[in-house]
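Have a look at the structure below, then the notes.
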Amino acid sequence: MTYMLDQEQLDAIEDVLLQDLFDVGVNCIFLIDMAGNVIANLDNGEIKHDIYSLAALAAGNFAAVSTMAKIVGEDEFSLLFHKGEKESIHFSKVLTDFLLITIFGKGISLGFLRLKVAEAAEKIKKILEPSCAP
Amino acid sequence: MAFVNLKKKEIQAKVVYYGPGRGGKTTNLEYIYNKFKSRIKTEMVTIKTHGDRTLFFDFLPFDVGKIRGYDVKIQLYTVPGQVKYDATRRLVLRGVDGIVFVADSMAVRREKNILSLRNLQKNLATFRKSIFKIPIVLQYNKKDLAEQGIPLLPLQTLEKDLNSQLKAPSFEASALTGMNVVPTVKKIVSMTMASLLMELK
Amino acid sequence: MVLQKDGTVDFEVEADPKDLFGYSNEGLDSLEDTGDPEGTPLTELKSIVLSLDWEITDESMTRFVQEIEKLKKTYRDDKILVSFLGLLDSVGKYIKTHKAKAHPNASKLLNSAYMSLEKVIVSKDITEPERRKIFVSQVKSFKRLKEQIALRKAASDRKKGLKPPDQIGPVAEEQINDLSMQRQGRTPDGTKERLRESDEVFMSALEEIKQLIQEEFRALREKLKQWREDEQGRT
């Protein structure tokens, strides 16, 4: 199902990403759909990641882990997080078709980040809902 | 699941190359990547086994250019063809907008082509998509092997096995030499775009 | 991004920006490496702090605050430890109240304050001045956090068109307290009671801290006087 997001929605999403996540020191944030399309992304200007490849891999990764969850009898896992030496990645599902991915350094605790992500995800949910298929 | 970004005036769509193992899906993408390197600003992503078989997927973002004032970005994916990777194929198919079915023209692969096409139909159905409605192009790959005397299936046989009901556009091709690789991708892109535009009306 | 021969893709990772506020950036890994507080009453608190690094919930913050209360009783005869625990208590209650709206440095301070507390308790040969030094350093971080909170609130009020605070910077500690506590007390979600409790703990912790700092200075002045007398005796 093709879906559209207009300027107002995309600006509102960027505002949420900027205020709730970027301002607490996250290095890179992107919102994607489960097909791997990039909806919005913000970075700190020093990051030069290939967002489109990351998006494709993130969608595949999340889908693979979700499938594993079902095989072991879980509806889904509540945490998908990869810890690196300098950078870590956190995945959060938004509605059924979207993923919010944050890349952050050692300056933020995962626990605090998860609080911020949950809050941001709620706001983004409300912005996306009108565009989603019923 | 194509995404239309009204702010950037951009459309993103997903095309998946499907087919039996060792049929030439990855080779198609590698050819496209090498051919359009100057236009494709990123590397091709491949997740392979040690034996060079696709383990998860290959990915190539492809900027098609402007269509009706919109920048069109097609994400090309391949799936692993080996039978045991069915669960992986299913999840790569998620959100697909167009399919290239890469059949292996070698005579010994006849059965595998048919099974793979049925597998595609089944996996599309898990996402409530119909193989008869989704934009699809058939590619009968490995035509170059004829020169080496390897028995290949005639076009008629391939069409009868794979395309008698679908009646989709088809191309005889050679991903290794590049023959009809670009026409295949051009065809699927235009079919996918046409389908999206119809949907948006 | 570089495609490797084995088919994997290498992404370049940028260097971490400097932390300007002096908090420990170590987090979970360092906490796990600080050695075993087994045999001390800190085991439970450590496991709670480690779990907070992964997930902050109402339940875990309540457990944190309860454990701090327990430890205050255990260490009631040790002024520094009680003040230390008071500091942790304040930060914990702040995070519990504000959750996602808490200043990001609050959870960093929680971790670093815990690590320092553990060091003070677990280190066998630590001297009294060393203990004080560690504590005072955490107090400085604590004060910095309060300033940061106040600044952030002022900036957000300015954005909303509200009056800016009178002054930030060389203000008496009590004024910073009043300013930040009053502004926090205006939160619309009815957390005034909890904040007042938190205020009182802040205030008493600060009183203790002030006294300790004054004692420290007194001790240093004595030492300096002694040293001068010794020097004069030699010449």
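Think of it as A, B and C in the order they're written, each chain with its own count starting at 1.
The rule is simple: a residue touches a chain if its C-beta (ideal position, glycine included) is under 8 Å from a C-beta of that chain, and two chains touch if they have at least 3 such contacts.
Keep in mind that this is a model prediction, so the values were computed, not measured.
A.B. asks: Tell me which chain's centre, taken as the mean of its C-alpha atoms, is farthest from chain C.
C.D. replies: For chain C, the chain whose C-alpha mean is farthest off is B.
A.B. asks: Please tell me whether A-C or A-B has the greater number of C-beta pairs in contact.
C.D. replies: Answer by contact count: A-B.
A.B. asks: Select the chain whose centre, defined as the mean of its C-alpha atoms, is least distant from the mean of all protein C-alpha atoms.
C.D. replies: Centroid comparison flags A as closest.
A.B. asks: With centres defined as the mean C-alpha position, give me the chain B-chain C separation in Å.
C.D. replies: That gives a centre separation of 57 Å.
A.B. asks: Report, in whole Å, the distance between the mean C-alpha point of chain A and the mean C-alpha point of chain C.
C.D. replies: 30
A.B. asks: Indicate the whole-number Å distance between the mean C-alpha point of chain A and the mean C-alpha point of chain B.
C.D. replies: Centres of chain A and chain B (C-alpha means) sit 28 Å apart.
A.B. asks: Which chain A residues reach two or more other chains?
C.D. replies: Within chain A, residues 50, 53 contact more than one other chain.
A.B. asks: Multi-chain contacts only, two chains or more: what residues does chain B have there?
C.D. replies: Residue numbers touching two or more other chains: 42-43, 45.
A.B. asks: Identify all positions of chain C at which a residue touches two or more other chains, and write them in rising order.
C.D. replies: Where chain C meets two or more other chains at a single residue, that happens at 1, 9.
A.B. asks: Enumerate the contact residues on chain A facing chain B in the complex.
C.D. replies: 1-7, 10-11, 33-39, 50, 52-53, 56-57, 59-60, 63-64, 67, 97
A.B. asks: Would you mind writing out the residues of chain C in touch with chain A in their complex?
C.D. replies: 1, 9, 11-17, 19, 25-28, 52-56, 99-100, 102, 104, 106-108, 111
A.B. asks: Applying the document's contact rule, which stretches of chain B touch chain A when the two form their complex?
C.D. replies: 1-8, 12, 14, 42-43, 45, 56-57, 59, 61, 73, 75, 77, 87-88, 90-92, 94-97, 196, 199-200
A.B. asks: Under the touch definition given earlier, write down the residues of chain A that touch chain C in their complex.
C.D. replies: 20, 24-25, 27, 44, 46-50, 53-54, 79, 84, 86-87, 105-112, 114-116, 118-119
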